[in-house]
Amino acid sequence: MALSEAQQQEIDALRQETAPTRRAVVPALEEILYQPFPLLDHGFLRVIDYMGDDTAIVQAARISYGKGTKKINQDQGLINYLMRHRHTTPFEMCEIKFHAKMPIFVARDWIRHRTANVNEYSGRYSILGKEFYIPAHDQVCGQSTTNRQGRSTPLNDQERNRVLEILEADARQVYGHYEEMLNADEEGNLIDPNRSGLARELARMNLTLNYYTEWYWKIDLHNFLHFLSLRADSHAQYEIQVYAHKMLEILKLWLPYTYEAFMRYKFNGMHLSEQAIDVVKKVIRGEKVTQESSGMSAREWREFLEQLNLEEQAIAA
Amino acid sequence: MALSEAQQQEIDALRQETAPTRRAVVPALEEILYQPFPLLDHGFLRVIDYMGDDTAIVQAARISYGKGTKKINQDQGLINYLMRHRHTTPFEMCEIKFHAKMPIFVARDWIRHRTANVNEYSGRYSILGKEFYIPAHDQVCGQSTTNRQGRSTPLNDQERNRVLEILEADARQVYGHYEEMLNADEEGNLIDPNRSGLARELARMNLTLNYYTEWYWKIDLHNFLHFLSLRADSHAQYEIQVYAHKMLEILKLWLPYTYEAFMRYKFNGMHLSEQAIDVVKKVIRGEKVTQESSGMSAREWREFLEQLNLEEQAIAA
Amino acid sequence: MALSEAQQQEIDALRQETAPTRRAVVPALEEILYQPFPLLDHGFLRVIDYMGDDTAIVQAARISYGKGTKKINQDQGLINYLMRHRHTTPFEMCEIKFHAKMPIFVARDWIRHRTANVNEYSGRYSILGKEFYIPAHDQVCGQSTTNRQGRSTPLNDQERNRVLEILEADARQVYGHYEEMLNADEEGNLIDPNRSGLARELARMNLTLNYYTEWYWKIDLHNFLHFLSLRADSHAQYEIQVYAHKMLEILKLWLPYTYEAFMRYKFNGMHLSEQAIDVVKKVIRGEKVTQESSGMSAREWREFLEQLNLEEQAIAA
Amino acid sequence: MALSEAQQQEIDALRQETAPTRRAVVPALEEILYQPFPLLDHGFLRVIDYMGDDTAIVQAARISYGKGTKKINQDQGLINYLMRHRHTTPFEMCEIKFHAKMPIFVARDWIRHRTANVNEYSGRYSILGKEFYIPAHDQVCGQSTTNRQGRSTPLNDQERNRVLEILEADARQVYGHYEEMLNADEEGNLIDPNRSGLARELARMNLTLNYYTEWYWKIDLHNFLHFLSLRADSHAQYEIQVYAHKMLEILKLWLPYTYEAFMRYKFNGMHLSEQAIDVVKKVIRGEKVTQESSGMSAREWREFLEQLNLEEQAIAA
């Protein structure tokens, strides 16, 4: 990420202003407000605004006239209870707003979360910046053979270097042509006074999907947690995980009790199917179970053992 | 509205605390934060929290790294432009949270606005309070004959008094029976140690629809404006209009430019159909138009003339 | 449920018409289309329309140009996989539309599911029918002491009879007064030509929450399953469970593979927290665990044992 | 659009099957069901399924037990009334499902309509096809100077040819490199047995935004009309307008009354601001109005005159 000097100054100016408020304030989040956290090679995530703190959840859950808090351990217990029992409406009472910059292919997955508010930089209205994503060496990986949607281990040096060479060269070339078609450079300066230049809404189609875009993105806490449960998951594409993991850190600063409850009951939890419950019960009773007797498919059985870090013989023999 | 002393103290305590924040602050809204505005006979509306101000809209529209503002008239011009051209996403970047108390029949209409976050007082979990809505004298009106959904003029004294007598007596009676069935009074005190009492989730069904409920309600600005355009409209039921009109006052304090743009382009605007545009064009050209030549149905024609405060002869003769 | 003769004739007429379609057709659902299933004392549920069958899910998942099906066991395997791994978008490709009649207090819980389309009978526009819900004898239960939101066992005869007497008498009385205030009976016949009658939108507030309302309700399959997972759950109020359980039967007719996957992976599954996973792992390794060493609260521990039908000593001693 | 022979056969097979249904059937839509309508150079739109017809709207509006229809002119009058008065819930009772293929930059605008169900072809899971969009000659236009988001007139031959040459050559080059990095061709055939190949989820980032993607897309009628009002509008980008205009034709086949009401009251209507209403009133009264006296900004004034096809002097002098 290379913020321009002007951008950095705007951020600094914003950070220097404070004003008194009667609203719930979270000092740990104020500390980082507006600051860009660099992600990938040119992306970032900035918290722009937030509404509510952990007590705002208990306040709404108790339909309070005041803060709604009781003893700290009762408040935390309530948050745990609400999380465990899927009482989701009080979690919708907090809201967070980010400014994020990410490659277009990441944005395309991200936008699929519909219950959020988004205002994206427009390539019809403005010229897109010359910034594209090139993966770090350890992320240039082969196709996973067990997971059709995933990647496996890093490519060897030779193959990796060729990939990086291609990505870099093609990205540079398409941007050069983008400028040529626009008849304008990145800053909007006219190139050739004798040409008209192509409309921005058309020229943009020549850019590759690793070009960066940016948006303001606002979401309520309940849907934010849902986003995190899917995008911070190890099956999500690495490039979006990076954003989700930074968000998890931010969540921890913002709402420490909610973060703890989320990690405990959702993120680090697991779901057992009817058959898996049965297997667990049998094992606890000391009975032996095999895939055949489990009622699970081979794939489910493998997933089940993995999730519990079990060796097959531990329960089958 | 009769807040208990304890409730009033909780509110006062909340209002006395302030803390510094780097977020956008709206002093005029801070001024009234947490305060209950009495509405109808026992209802109220309180602003609990808010996110953003007018500049947050331009900040998002410009995908800014700082405040995003330019000159004040440019900012206002941008807000007007966005409102006029239905660029709605920047308006989703503000959010407001209310605590509201209203009759159940009002809540039933209100909840139909789905793009909002709600946490309602639960009659399964708690005993509902003994507060019910009785309309003011000038609101005890007959059925409208022109609008199947509306009311007309006030009833005469005799009919009105009988209505008020019925509403009051029935509401009191059903609550008495509610307590009897619960075997508990409003405060939860046991009535008869020899009876079990009916489950709360069942006993509540004996209450009438004018009993008050309350909820925390949070909504983004775009959907808030949509709510206001429908519920502050003169065709909405009076009892929900009262809440919407108070919200309009709050909107004016919170986001003065957005309020002005909303009133100008949406709330006080009107929609012309294809046929109505044609009529307007003809009239401007000095041609005469009648319902027959307008292509409108009799009802549309009447609505059209009313909206423009036109006498039929002004354009037809 | 007492359908009028005219209503029954309308339904019969609809059921007699068939026409050829190229769309996916589910004969088992066609069989019951439009038929009212009586629920509670005066309610019902009718399937009005549906879109898609099990193969529509695999068709969308495979972005097919044709039916999208392969071998039946591959299609079922795919549906199981999608359900297990929370790939929810293909399930949104089916849609179902119901006509339902239920007590207002049930409708108030039901409507909280926002991702659905609803058109409700309007008490502003029409006179509400004289039908109210009276619980069956075995449903007149006391308050649960372990679950603040639930009910326990049936009341004794004396207490129950008094409850039923109250509910019945109050419901009749408020409706009589509703008619008197309207100055019209249930069919809209004028009562007293010398009185104006109160506006419908006001008179309705005198009805109790056990009066029936009705609506058309349409939802996509993914959100339908979410509704079922919450409302067919044993913690939901009995009166809404009744509707959800009937919907489960309908789901089984409509989409047998999806039904099976839903029951297996969601409805009859359970969620383990991080701590619960740890306990299960320890037990499988033959270690002893107690509440104290589990990292769970007393309440969580109790819930955990219950979900696995475990006696404490089985794992603690 | 070049459907493979296998794809065409799958479609033909689907079209040959019919089965009887009791549901609402629209013969004109059945006629075109599953057929791809070619759009742009390689895209298409196919109707996959639908729920409801015009009578389904009146059926829901009247909460009917049967078809809900009265006389045809009453049904049409009701649809007009609902459209005119923004009673949107009955329109949500119809649903339509499409299979669409379009350039990624079109998909990026399209997906911003959140109230829809989408299942997109996955570049993580599968290899993307070698099809990219090249604008037709008359669409290779310069940047509009009056509308920052739009295009103006076609470029001259020389400039246009250079643009087309660039787009074509870059698209071919990035796809060649995509295959090289994947170490597989479009059909998935291994290229070099000595290389691993890059993961699909990474290789896809080298494709340009004019590559085609496809999805299943399902939406209710109310939100469909909203989509059309924005995307069939002359200010939308031409490439998405093409899809929206085809959808308008399909709407006309599917729901002729709704189509007519939509065109009349929404699509071909216009919105007047408070100031514009005032100007219209003055003009009708024979008063003169200028921009200065209108209370409108210069830009609003120009837009207003354009919308009514008015010359300034017609009302100002």
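Every chain is named by a letter (A, B, C and D) in the order it is written, and numbering of its residues begins at 1.
Please note the rule applied: a residue touches a chain if its C-beta (ideal position, glycine included) is under 8 Å from a C-beta of that chain, and two chains touch if they have at least 3 such contacts.
Just so we're clear, the structure is a prediction, and the values are computed from it rather than from any experiment.
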Message = For subunit A versus subunit B, which are copies of one sequence, does the interface use mostly the same residue numbers on each side, meaning over half shared, or is it different?
response = same
Remark   = Cα centroid separation, subunit A vs subunit C, in Å, comes to 34
Remark   = dist(centroid_CA(subunit C), centroid_CA(subunit D)) in Å evaluates to 35
Multi-partner residues of subunit D (each touching 2 or more other chains) = 89, 112, 118
Key: Chain contact graph, described as a line, ring, star, complete graph or other shape   = complete
Inquiry  = Under the stated contact criterion, what part of subunit C meets subunit A in this complex?
reply    = 77, 80-81, 84, 86, 89, 112, 230, 263-265, 268-277, 280-281, 283-285, 297, 299-300, 303, 307-310, 314-315
Note = Touching subunit B in the complex, subunit C uses residues 103-105, 108, 111-112, 114-115, 118, 122-125, 133, 135, 139-144, 148-152, 155-156, 159, 162-163, 166-167, 170, 173-174, 177, 180-182, 195-202, 204-210, 237
Message = Under the definition above, what is the set of subunit D residues touching subunit C in their complex?
response = 3, 7, 9-11, 13-15, 17-25, 27, 30, 33-34, 48-52, 56, 59-61, 63-67, 89-90, 92-93, 95, 97, 99, 117-121, 214-216, 218, 220, 222
